[in-house]
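Chains here go by letter, A, B, C and D, matching the order in which they are written, and residues are numbered from 1 within each.
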Amino acid sequence: MSLADFFYMGGYAAYLWPAFGLVVLVLVYNVWSARRALAEARRAAARRLQMEETRS
Amino acid sequence: MWKWFHMLASPPHFYRIAGLTIPWFGWPALVLILVGLYGGLVLAPADYQQGDGFRIFYVHVPSAIMSMMVYGIMATAAAIGLIWRMKLAHAVAAASAPIGAWFTFCALATGSLWGKPMWGTWWEWDARLTSELILLFLYLGYIALRSSIEDPQRADRASAVLALVGVINLPIIHYSVVWWNSLHQGSTMFNPGAMSIEMKWPALSMLFGFMLYYGAVLFVRLRAEVIRRERNAAWLRQELAL
Amino acid sequence: MLKGVDLDASPGEVVHVAGPNGTGKTTLLRVLAGLLPAEGGEVYWRGRSIRRDRDEYNAELAYLGHENALKGDLTAFENLHYGVGVRRDLSGTEIESTLDHLGILRCRDLPARVLSAGQRRRLAMSRILLLGATLWILDEPFTNLDVAGVGLFSTLIGDHAAAGGMALLAAHQGLDIPGIQPRLAELD
Amino acid sequence: MQTTGLLKAGGLLYSRDLRLAFRRWEQVTQPVVFFLMVTTLFPLALSPEQAQLRQVAAGVVWVAALLSALLALEFMFRSDYEDGTLEQLVLSGQPLWWLALVKAFAHWTVSGLPLVVTSPLVAASLAVPTGAMMTVVASLLLGTGILSFLGAVGAGLTLGVRRGSVLLSLLVLPLTMPALIFGARAVDMAIMGDEPAGPLYLLGALFILSLTLGPFATSAALKVSME
């Protein structure tokens, strides 16, 4: 089986690759957004702690 | 046992243990998903009816299973949070919702992409797809309710009630949609029970990969939730190295 | 919001919860009434946690919040008839004598919407009286009252304590309750 | 001192809510007017032809009734919440699930029942044959009931929430889809001259379920919203 055949996917390429691509994209996005949420939460907590420090 | 449980549920401990556990979920998840993709796209033979088009199955079905499983976990966590007033359980429910919603979205989108060559239309009012769509609405309602309540404790408890009402309704919705659908058209797609083993294993690999992936992402989100809810400054300061 | 608050009351006692705005007087009273769960700690009534015996506790409690809990479209009489009736059986004459006692009998058939703010507060206080509860929790009961009204409410609270009841009240001004020296609980 | 019994307390609360509703008459009539207006739109948008209208009548009647009832849902606890009456009800010593059930029933009486009563009129305008009228009424009787008891949970959860009314529809609509499926199907079968008992029984089962479980979920929702 040639590489071209593989990408052709028996004529279903137009549906199959978007489907796989989309799922991979969503999986990557989920990891990225979760990590961003964590970083965001850490930053917010640090800010809060610093505010408390300056107040006391 | 109980004492161990309490220790695990205390924020500093949980935060550290979660941090240690994430790679143990994340890397195997990556391996299993890659193996599943290779198996599904290359090794598995083409279906004798649908040809290579059936390969969408390898992302569609695991996504659909995950979308329901995550809702179940979310509702269970919500119930635990309501009954035992456990903050960590509420955090699990909160962190699960976006992941579950994205799995639902994947199941819908891949179902539609599969439907176009099989049925000739992008959207068919098929029982499974319709239930999946309503499930997406339930997720979106949950997320919307949570984001519109400012007080985190109230948001936790209100969304937990909604998750429980939703989980009781889910089977009713599913069976009513199946019943409705059977009146209007025959059975659709194909029957995964009739698959051979070499067609099946990549799907299982994908499914387990997705489960571990969910675990990894959940733990990252949980760490964020734990920090957001934490008011005890001492360990936070230490953790953030301030 | 509140931390390290310890409070108890016994029959015949009036507790005055005081403190500047934003120190959590309302929060404390709502926790004590069982409307808010305490994040840590418990509220006990007759030695038992109120979480356990909700209904028994509620039956002995009368709570007056910031809001008067009156329906503008119902008359003064109807407000009490329904508001108290859900809780205990009561007769029309009982309602009328209480209205009279609080000096708002002539408002009997007026919708609560047209009453003045002070009259509405008096009407809300009539409900507290009619409920016949042992424990009164009153959040700023004197808002919108004239001098005579403050005196009247103080007398009512004093009478309640003298009859063996107890009252917890939040007020930012000093209290002058006839026949009893309220215990001060200061929040900061 | 005699505490009020469960039934008497419920009766008092019910008559209070009805009296309040009738003193604000426009609140009772608005959903009905909306119902009539929405169903007028369909013949205008589709065609005045009887056969064509009859085909979509079941769906139109049901969707319109559902949306009209949804319109009134947000007012179920709103005013009691804002003026402090809800706190007094929580502290009344009566079980909250019972009060929630009574309030949902009272709300149904003033918002759902008028829709049921006007539904034959609407159905007739959509060319539904007379023989199917009983099914229209029966299915909507159960359907509006389901919406009230199920919607009460959503109404309780969205109290004091930003953009509460949009959110309320978002929460409640997916939950009512099974009722819509069975109800519209029953009406459709009756229009075709079939026996609609099957979907009606299923609708009845849904009604019993929402009647028995809804009030408990509502009381939990109200407690959360009071905090």
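We adopt the following convention: a residue touches a chain if its C-beta (ideal position, glycine included) is under 8 Å from a C-beta of that chain, and two chains touch if they have at least 3 such contacts.
Remember, predicted model here, so these are calculated numbers, not experimental data.
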Most centrally placed chain - per-chain CA mean versus overall CA mean
D
Any idea whether B-D or A-B has more C-beta pairs in contact?
A-B
Subunit A and subunit D have mean C-alpha positions lying a whole-number Å distance apart equal to 42
Averaged-CA centre spacing for the pair subunit D and subunit B, given as whole angstrom
32
Gap in Å, rounded to a whole number, between the CA centres of subunit B and subunit A
15
In whole angstrom, the CA-centroid distance of subunit B from subunit C equals 49
Give me the residues of subunit B that touch two or more other chains.
none
Overlap residues in subunit A, where contacts from two or more other chains coincide:
none
Taking each residue of subunit C in turn, which ones touch at least two of the other chains?
37
Based on which chains are in contact, what kind of graph results: line, ring, star, complete or other?
line
Which pairs of chains touch, using the document's own definition
A-B, B-D, C-D
Residue ranges of subunit B in contact with subunit D within the complex
82, 134, 137-138, 140-141, 144-145, 148-149, 151, 153-154, 157-158, 161-162, 164-166, 168-169, 172-173, 176-177, 179-180, 183
Complex interface listing, subunit C residues touching subunit D
33-37, 55, 58-59, 61, 63, 65-74, 78, 81-83, 85-89, 127, 132
Which part of subunit A faces subunit B closely enough to touch in the complex?
6, 9-12, 15-16, 18-20, 22-23, 26-27, 29-31, 33-35, 37-38, 40-42, 44-46, 49-50, 52
Please name which positions on subunit D make contact with subunit C in the complex.
1-4, 8-9, 12-13, 15-16, 19-20, 23-24, 79, 82-85, 87-95, 99, 226-227
In their shared complex, at which residues does subunit B touch subunit A?
33, 37, 41-42, 46, 51-53, 55-56, 59-60, 63, 98-99, 102, 105-106, 109-110, 113-114, 116-117, 213, 216-217, 220-221, 223-225, 227-228, 230, 233, 236-237, 240, 242
